[in-house]
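This is the structure I want to talk about, given as structure tokens.
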Amino acid sequence: MPFTRDQMAARLGADVPEGWCVNLGIGIPTMVANHVQGKEVIFQSENGVIGMGPAPAKGAEDPWLINAGKQLITLAKGASFVGHADSFAMIRGGHIDLCVLGAFEVAENGDLANWATSENDTAPAVGGAMDLAAGAKRLWVIMEHTTKDGRPKLVERCGYPLTGLACVRRVYTNLAVIDVLPEKGFVLVDLAPGVTLDEVRAKSGAAIHTN
Amino acid sequence: MPFTRDQMAARLGADVPEGWCVNLGIGIPTMVANHVQGKEVIFQSENGVIGMGPAPAKGAEDPWLINAGKQLITLAKGASFVGHADSFAMIRGGHIDLCVLGAFEVAENGDLANWATSENDTAPAVGGAMDLAAGAKRLWVIMEHTTKDGRPKLVERCGYPLTGLACVRRVYTNLAVIDVLPEKGFVLVDLAPGVTLDEVRAKSGAAIHTN
Amino acid sequence: MINKIVASVAEALDGIRDGATVLIGGFGSVGQPDVLIEGLIEQGAKDLVAVLNNAGVGRVGVARLMELGRVRKIICSFPRSSDPVVFETLYREGRIELEIVPQGTLAERIRAAGAGIPAFYTATAAGTLLEQGKEAREFDGKRYVMERALRGDVALVEAWEADRWGNLVYRGSGANFNPVMAMGADLTIAQVQHIRELGELHPHMIMTPGVYVNRVVQVDRGGDWLKPEAA
Amino acid sequence: MINKIVASVAEALDGIRDGATVLIGGFGSVGQPDVLIEGLIEQGAKDLVAVLNNAGVGRVGVARLMELGRVRKIICSFPRSSDPVVFETLYREGRIELEIVPQGTLAERIRAAGAGIPAFYTATAAGTLLEQGKEAREFDGKRYVMERALRGDVALVEAWEADRWGNLVYRGSGANFNPVMAMGADLTIAQVQHIRELGELHPHMIMTPGVYVNRVVQVDRGGDWLKPEAA
């Protein structure tokens, strides 16, 4: 049985070691914050929050505390604030241990496409994705293994405009956990319960290797 | 009678309008702080102090408060602190209304030499002088009109290594106040009491014009 | 006496000219100089270049300014929003120019303008569509894009507290683009919740020294309508 | 649990290797990681490149490190001091390399390293001796020098307060080079006066987020041997 989105987030969260500074993208990535189980992890947000806590209790919201997804947040003890230039200096300077993003496509050379689709006639919105892709120490992608109409999102070369080149290190999907290794390409780490390697291969647009 | 150093500082201080943010170099420039007579002027120091107050009273020194000359200082009300990168961003970004420096030589094209002499066999020390010369909105020099052995310090072209090109706007000496104007060169503003234009010209290494 | 506090929004915005590049602080609804933006709508300047993170929501604020045809070009990282109707319509009809800039590059370009840096290199956008039209160059075997400083004629910023020197203290995540925009414009105008006596703001709490601020206007929403975070 | 606090100076400095580039914070006597520098003398690493504003005073601290022949090169803005005897002797005898960098360029080059910027342009030093060996280029008719990022293997910094995340709060003019050096090195080690409980430091007072700090060691001089400035 493939992972649910929450299970995908939990699977990724299990791999985050204590002490990392982590930036979570909008969508499924945000759910990872609920799945680091007792480990002390520092969640950074592009808008200058270093050390986010859990979502606020009802009635205890502070409208001046939001994350990059514009959701209300709380602060963890130890939190600090910086402005945007300093926040992105932190991101672009390699001080974020891990960034988790969603994706349209990930290529076997580690290329990431997650900001614009050729079909899209409205203005594409890049936000901080290119900064994170270029700057974070490591980038993990969390996404459904295929598009809604069944096309593979793990591909040989991205068809959509790139967010960053050779930046994805690992992909967590509803079917599997897959490393993206230089020279080698996609290498299976783990399958979702009841999912077979053949199924993963059938639903991928590039070779899935095993160790 | 030529100005004393204190009178030179007072003469310069009289020209500083209220509200300017001013950076004072080491030596005679520092004395300007005592001569802005009731005007509210914001004194900035390269080491990240914005808003210095008067020198501390005896016994009330805080050893953690120093200026760029490493003298103990106080804070004015309204003072703030930044780190070195931000302090020099302020200096280099053109946010300092006035910088006052000493000089070995000032040329009629506005070139400034104040950090190294060819005679000097020890390592020259530039500190923040080049940043201030390149970045401040305006740079005024305060210095003796000649060297100790009587050579002119106002010259056609600097002989010593340059600190900055075409950056000096005005010079305050013990003999005179002299503007440095593009195209025109040195133009007399004011003479010290009892000093004649002929004396100033005799002691200068470049033409001193009058308006 | 230095006193940057002005009595009205109109006075704060006085002199903004047609064709001005206007940096607008805020991220989401937090730290947005909303009253200054409303004031700019009143003020009348047109042919503006707006620099901000988003392209406006609904039909208020910046979206309204665009809808009135007063914005020639928008420079932002994320033109989409929960309700981007105005921008998307104008953009489809070719009635507004768009320059998409990665969010960190946007902040750094503005900082560069404020810090006297005409250009710098960054790995962000190297090898992507957003590298097009820019110089690229390798340092130590890695590809970087050269980005130019982005200066504003005017910056509109928001802060929690200010004093008459124009020192600004932000609240919560309200700093965001405000400090960097305050340093990157020729005329910086701050909308603040509270005016404090000179000396009341802690020197280490001031994120934007008043040197960067030209005018401060208090927007009185009736006392502490939101409580500041605990100290 | 995250805990960057280590028990001793020796533990804090563990692993600094021969040949390392060491950024050393402080300006004058304020904000100087003096106990860490003494520790580095004990620790034994040699062939070091020292990056700091001055070249040491008298025969203690950095001057002592140089006198022991452990510093191959110094990168600084102001090698002169009230008592520069050690540096000047070594320099005259050709036993130490010197790279003079304008103070603001020094800070900005370190920031660039911390911010992922391999190179930037500045007007500082354009047309002077210190432009030599560097690329120069015009932007909008004005001459600028290209400066490269300056990264440390190690940064030694000083702060007034820290918590176990490594968040740092500075005192008075004690920030100076410390925050920028903290972000510009692979291993940042902080000497602090006071350890506070997590959550005790005000989020807006923290100038260096713990993300930039790897190890914190408390140097106990016996309580508040200097009183912090009034809040």
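When the chains are written out, they are named A, B, C and D in that same order, and each has its own residue count from 1.
The rule is simple: a contact is a pair of C-beta atoms (placed from the backbone, for glycine too) under 8 Å apart; a residue touches a chain by one contact, two chains touch by 3 or more.
Computed from a prediction, not measured in an experiment: that's the story for all the values here.
Common neighbours of chain A and chain D under the contact rule above are C.
Listed here as common contacts of chain A and chain C: D.
Two chain pairs are in question, B-C and B-D; the one with more C-beta pairs in contact is B-D.
Chain geometry summary: the mean Cα position of chain A and that of chain B are 54 Å apart. Chain centres here are Cα means. That of chain C falls 32 Å from that of chain D. The mean-CA centres of chain B and chain C are about 34 angstrom from one another, to the nearest whole unit. Centre to centre, using the average C-alpha position, chain B and chain D are separated by 28 Å.
Annotation for chain B: residues touching 2 or more other chains are 75, 81-82, 88-89, 92, 134-135.
Of all residues in chain D, those touching 2 or more other chains are 108, 111, 115-117, 122-124, 170, 203-204, 207, 229, listed in ascending order. According to the touch criterion at the top of this document, the contacting chain pairs are A-C, A-D, B-C, B-D, C-D. Those residues of chain B that touch chain C in the shared complex are 18-19, 21, 40, 42, 44, 50-51, 75, 77-82, 88-90, 92-96, 134-135. Taken in their complex, chain B has these residues touching chain D: 45-49, 62-68, 70, 75, 81-85, 87-89, 91-92, 116, 121-131, 133-135, 161-165. Taken together, the chain C residues at the contact with chain A in this complex read 27-30, 55, 77-80, 84, 87-88, 91-92, 98, 100-105, 107-108, 110-111, 122-130, 170-180, 207, 226-227, 229. Taken in their complex, chain C has these residues touching chain B: 1-2, 111, 113-117, 163-165, 167, 183, 198-199, 201, 203-204, 206, 209-212.
Within the complex formed with chain C, the chain D residues making contact are 108, 112, 115-124, 139-140, 142, 144, 148, 169-170, 202-205, 207, 229, 231.
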